[in-house]
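Shared between the two complexes below is chain A, which has chain B as its partner in the first and chain C in the second.
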Partner chain A sequence: MTSSLHDASPTAAVPVGQPAPDDRPLAANRPRRRLHPYAFALPSIALVLVFFVLPFLANAFFAFVQWTGYSDTITWTGLTNFKLLNQLGILKHAITVTAVYAITAMAVQNTVGLALATALQRSNRVNSLFRSLFFIPVLISPLAAGYIWAAVLNAHGPLNAFLSAVLPGEFHYAWLGHDTTALLAVASIDAWKLSGLITLVYIAGLNRIPEQLLQAATLDGAGAVRRFWSVKLPLLAPAVTFNVVVSLVGAFSALDVVFSTTAGGPGDATTLLNVAVYTQYGQSFFGTASALGFVVTLMVIVTAVPLMSWLRRREVPM
Partner chain B sequence: MSAIALKTRGVVRYACLTLFAIPWILVPFWLLIVNSLKTQGDASVLSMSWPEHWSAGANYHTVIDKGSYLTGLRNSALLAVPTILAVLLLGSMAAWAYARSDSRALRFAYYTSALSIVLPPAIIPTIYVLTQLGLNGSRLGYMLVIAGTRLGVVIFLATGFVRTLPHDFEEAAQLDGANKWQIYWRIVLPVLTPVLFTGAVMLIISVWNDFYFALFLLRGSQSATLPLTLYSFASSSTHGVSWNLVFAHVVLTSLPLVLVYLVLQRRVLAGLTEGGVTG
Partner chain C sequence: MNGYRRRHGLLVGALVIGLTASACANGDDSAQSGKVADTSGKAPTGVTLTLWHNTADPTALLDLYKAYERKSGNTIDLVDIPADSFPSTVQTKWATGARPDILEWHGNQVDVLSLNAAKNMIDLSALPFVKKEGTLADVSGNVGGKVYAATVGSLSVDGIFYNKQVFTEAGLQPPQTYAELAADCKTLKAKTPGVTPIFEAGGSQWPPQILSAFDYLAESNTDQAYNRSILDGTAQLNDPNGPFVAGLKAYDSLRKAGCFNSDANTAKWEDSFKAVLSGKAAMVANNSDSIGLLNSDADNDTAKVDAAVGFVGLSATKPVTNYAPSPLGTYYVPSTGDSKKERAAVDFIDYITGAGYADYIKEAKIIPTLSGTATPQLQGLLQDVKSAYDKGATLSFNSPLPGFSSFGAEAQKLLAGQETPQQVADKMQTYYTQAAAAAKQ
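Entry: the complex of A and B
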């Protein structure tokens, strides 16, 4: 505090023509003795470099080479991997399936998360109980979530039993046995697992909205619905940005739930890009597997960058 | 607004929440638990009813005996615990350096680490790198990859936190003759505890439940983690067809984290809500 005052007006404190006391200019000019613990970052840098950055960059190379487990040589072949995957009908299909999966998972978890957060924002005992309850799926593995929901959605499972009870007729619909419902169901199971976490991020966002703004809106005659759409939602934009981007990008590299429910089927209806990566890898086709992995990366970059800047522009400064 | 209207609204809200919790939480978990106690025949119809013929002991015994549950539990603990501790330690050390430095190189390293949260890991080249290092299929290789891909979260959370702290304490300790390690250990690390708790919760959830990296990077049933043992048990032709056994394995696999959560739930939820995930 004092040193900055002296910096701003040295003459005001020191009478003109009189030498300053010895320590004063020193104290004012001495650079703050900052610590520079550079070395503390080195282990992290090494780990991130070798096990994240290096593979990430290498992927841009491996996607364009011929590389299988049946030969020791790795040769540059340009776009051959992508052409091959396209001829096999894998590439476009896997991209479409992954996109539908990611958008569904993102939409379901953000809708549920936002609704739950709005209902549970205030901290009281009952709300804490509900928050704890809705958080449980976050703790279990996506694999386990898949097994549980495969049972709920089974032709003889509780969902069909419920539908048979409330609607006329007997329902034995295999939700995971038909192309469209299987894909939507698997994506929703993924969303089910993550909604509890998204809810907490939205609660934190809602807690950051100044109470006066909501009171002012109430005084101006805004009802609960109006307050939500016109006040809360615009001010919640940073949380929305975070959740939408993270859930979308996360779902692009999903695999677990598919492994425990449909194994990519029926046919190839739920063969996400990463599931296709595993299949190619399992057959020792490392080049085509890398190419499919590279597509996931491209999808993430192509989606995340524009989406982030578009959502950011909608954020209201508080 | 009148008190009665407020009260009515509260009742309606809780009624809606309960109505939603039934299919969302209660039905799936009830189905899971109750069928894990039934015989194979009774469980095959996937009903929600109370067990007619109990088979709890036999089911759970089969999972432990034939489902490599204990091997999976041991491997998960041996792999997850040291990795998470290392990530918290190294990540917070790096965060201190990143927060206190004006160096361009370090700023670049920080942004790269933060980007690793969003960008997907490249699994096939990762296997290539591990092969070159002679670590392919090994537990150490798996731990190093988990560390390299998860450090970003801790670095991101902790760097933001250190930046908000004044330099005063670190400078005072330095004047008192403390070296950098002492300053980190005695001053920076204790202050970081709340944010590292949040980071630990996020790490435990993702590392303990990790199936993706384990599937690609761990070889052999001897090093299989819990998700891997669950997967191979449920995919096997002998046990995979029995819902009661698959469910018993799911219950046992999910139990460790759920038990920890039951004890710490208040802190976990508060940490994740106030931990400032959005920054």
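Entry: the complex of A and C
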């Protein structure tokens, strides 16, 4: 059910948005009425400007220059940084790794989040306890989470000890030592960390669905599964939009969890774009680091805008 | 509405132009570039000096800092830089504009260049320690004939640490060539199956460089022949028949023969030494800086370490070691603009290479890098290092080559089987070309 601010409620004497009729002429009211929304928004605009727009513009500029710690001069070089990163194989590989990471994290987060939300939908004591428990990882520092999981997934760590106990023979697989499992592992750790938040958003979305619709579906003969797929899921679309976009775009900017778990290794199997930025920066190649950072921004724009508009279109007004 | 947007746009535009202009401008602090050490007058006291130091500093260096504090009346504020990510952490901090009063850093020419020493560091060439360093002053902290660093830490000598008991059990002599290394690995796998022949610590990123390149190329770099050929363009790193590719191939064949530990990709440098000390690993390829770690693993019982572990130098076909100035004990004085602190920092350099040097060497029990001080009684393992060094030692070929800070990650990829030796060499040639162009600017 979407409500509109401009709906005229039948009981209101004056439509919203119009000044109350009084003695002052309308003309004198207009300048004040137009300025004050902007005045309220000004602090936010200033913050966005200083912390997002300006750095973005600076990043966009520095991505196309030759700038290293070796020298003080900064020269415009056009696409040289990108060509060099491509030649070294860094650019393509980092984009691929980031994309796989983001999609895995998004898929795991939303699947687990939705499952947990369905289980914990009702607000009672037990559910509140579990909701809090599943939310705790969200509050842990990402670096701490990475270190803990790196220790758990160690070839001689607790996970392998547990598997050795339940499976026949010794199990000493180095989860973080092989390309595919390392990438899946860090993506899952990121997912584990944020699933609590996704769950809460889904719970809110599920609780918005009117009981009458579900009861009507039950009366019509729909089982639990059918009710979920045909009634709950379509009406969850706003929550899905939010969660999918936030988890996907958030994963593009991942750095701390990956860094503390594998530091981009083994080799470069988990070298996401931001890890590659750090590596370039750490060798005092600031131009190429900015180029990689700029690619992250571009990826977000290219992915988020079409994705959001596609998901918004799926939203069913209640 | 339009007026608001236009003003907004102008403001943003002005800021961008301002940023651009400031970015493009040359450093206007030309007064600081090419600054020479000031040794006039008496050194100040009561000054607090920040010192960025590597957390792997041995106790003797930490005591040296304290000794300076007592003698001079100045305070040293130690800023810890973790040993694991030492190069990238220092460069990242440096890039933000942060400057310590004293910097502990690598002496390799390329590392000096990457901090733009000519502009950012104080020239120490006129100080008395430079003569005492002799030929070391030409390779450590040296850019364009000017010396920017004092090296009091022992040289970092690369070679193979081996567990004596495992070798006795397998009836082997420590290897001196890569062919012997491969043969020893085969014998160890047959005779001592529970022991890892060679423990590689890919998880710490820098150790795989030693066995895959530095050791192999030691014999090719007599009188810096190899790195000079790369620098003047007569040879390329990715020459398919060149020694760099050959070394990478030799490393790859060791990996394929199963000589490395199963968790090589994630194991850390600390783990590798615990393994060779306890006998879980037969050999570890690393440098003499790690002896401090071995000693502390054995609760500072150097006799125990000497009995358990030996050191030998090896290269492709000859027992040649390679060395580099260690980051531990190499100090620079950045230009901070605070002349009092700069004077005090120069005084620190004078002290550690002069009045405080003898006591430091006595406590550290290392081979002195400055002439005029007798070599103390060394622990057995260090005597092994000294005899390996005396047998024949060359400068590690990467020392003056720009772009080699990327080699750690590439060696890791080789270890993980993600790239072939030729691919790694091709990448390193590109890295070198990129960095050389940047360094020439």
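One rule holds in what follows: the second predicted complex is superposed on the first by the 273 of 318 C-alpha atoms of A that agree within 3 Å, B and C clash if a C-alpha of one lies under 4 Å from a C-alpha of the other, contacts with A are read in each partner's own complex, and residues count from 1 in each chain.
Following the convention adopted for this analysis, a residue touches a chain if its C-beta (ideal position, glycine included) is under 8 Å from a C-beta of that chain, and two chains touch if they have at least 3 such contacts.
Keep in mind that what you see is a predicted model, and the values were worked out from it rather than measured.
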> Of the two partner chains, chain B (first) and chain C (second), which one does A:Y278 touch, if any: first, second, both, or neither?
Replying inline: both
> Which partner, chain B or chain C, is in contact with more residues of chain A?
Replying inline: B
>> Quick one: is A:P55 in contact with chain B, with chain C, with both, or with neither? Answer first, second, both or neither.
In response: first
> Who does A:I203 touch here: chain B (first), chain C (second), both, or neither?
Replying inline: first
> First (chain B), second (chain C), both or neither: which does A:Y38 touch?
Replying inline: both
>> With both complexes superposed on chain A, which partner does A:A107 reach: first (chain B), second (chain C), both or neither?
In response: neither
>> Just to be sure I read the superposition right, which of the two partners does A:P137 touch: chain B = first, chain C = second, or both, or neither?
In response: first
> Who does A:N154 touch here: chain B (first), chain C (second), both, or neither?
Replying inline: both
> Of the partners chain B and chain C, which touch A:F286 in the superposed model: first, second, both, neither?
Replying inline: both
> Residue overlap on chain A between the chain B contact set and the chain C contact set?
Replying inline: 38, 49, 53-54, 58, 62, 154, 156, 278, 281, 286
> Which chain A residues qualify as touching chain C in the complex?
Replying inline: 38, 49, 53-54, 57-58, 61-62, 65-75, 84, 87-89, 154-156, 172, 174, 176-179, 262-269, 278-279, 281-286
> Which residues of chain B touch chain A in the complex?
Replying inline: 13-14, 16-17, 21, 24-25, 27-29, 31-32, 35, 45-48, 90-91, 93-94, 96-98, 100-101, 103, 106, 109, 112-113, 116, 118-126, 128-129, 144-145, 147-149, 151-152, 155, 167, 170-171, 174, 180, 183-184, 205, 208-209, 211-212, 215-216, 226-227, 230-231, 234, 243, 246-247, 250, 253-254, 257-258, 261, 265-266, 268-269, 272-274, 276-278
>> Per the contact definition, I'd like the list of chain A residues that touch chain B in the complex.
In response: 32-41, 43-45, 47-56, 58-59, 62, 116, 119-120, 126, 128, 130-144, 147-149, 151-152, 154, 156-158, 161, 192, 197, 200-201, 203-205, 207, 238-239, 242, 245-246, 249, 252-253, 255-256, 259-260, 274, 277-278, 281, 286, 289-290, 293-294, 296-297, 300-301, 304
> Any idea which chain C residues touch chain A in the complex?
Replying inline: 4, 12, 15-16, 19-20, 23-24, 26-27, 85, 87-89, 91-92, 94-95, 113-116, 119, 202-203, 205, 262-266, 402, 405-406, 409, 412-413, 415-416, 418-419, 427, 430-431, 434-435, 438-439, 441
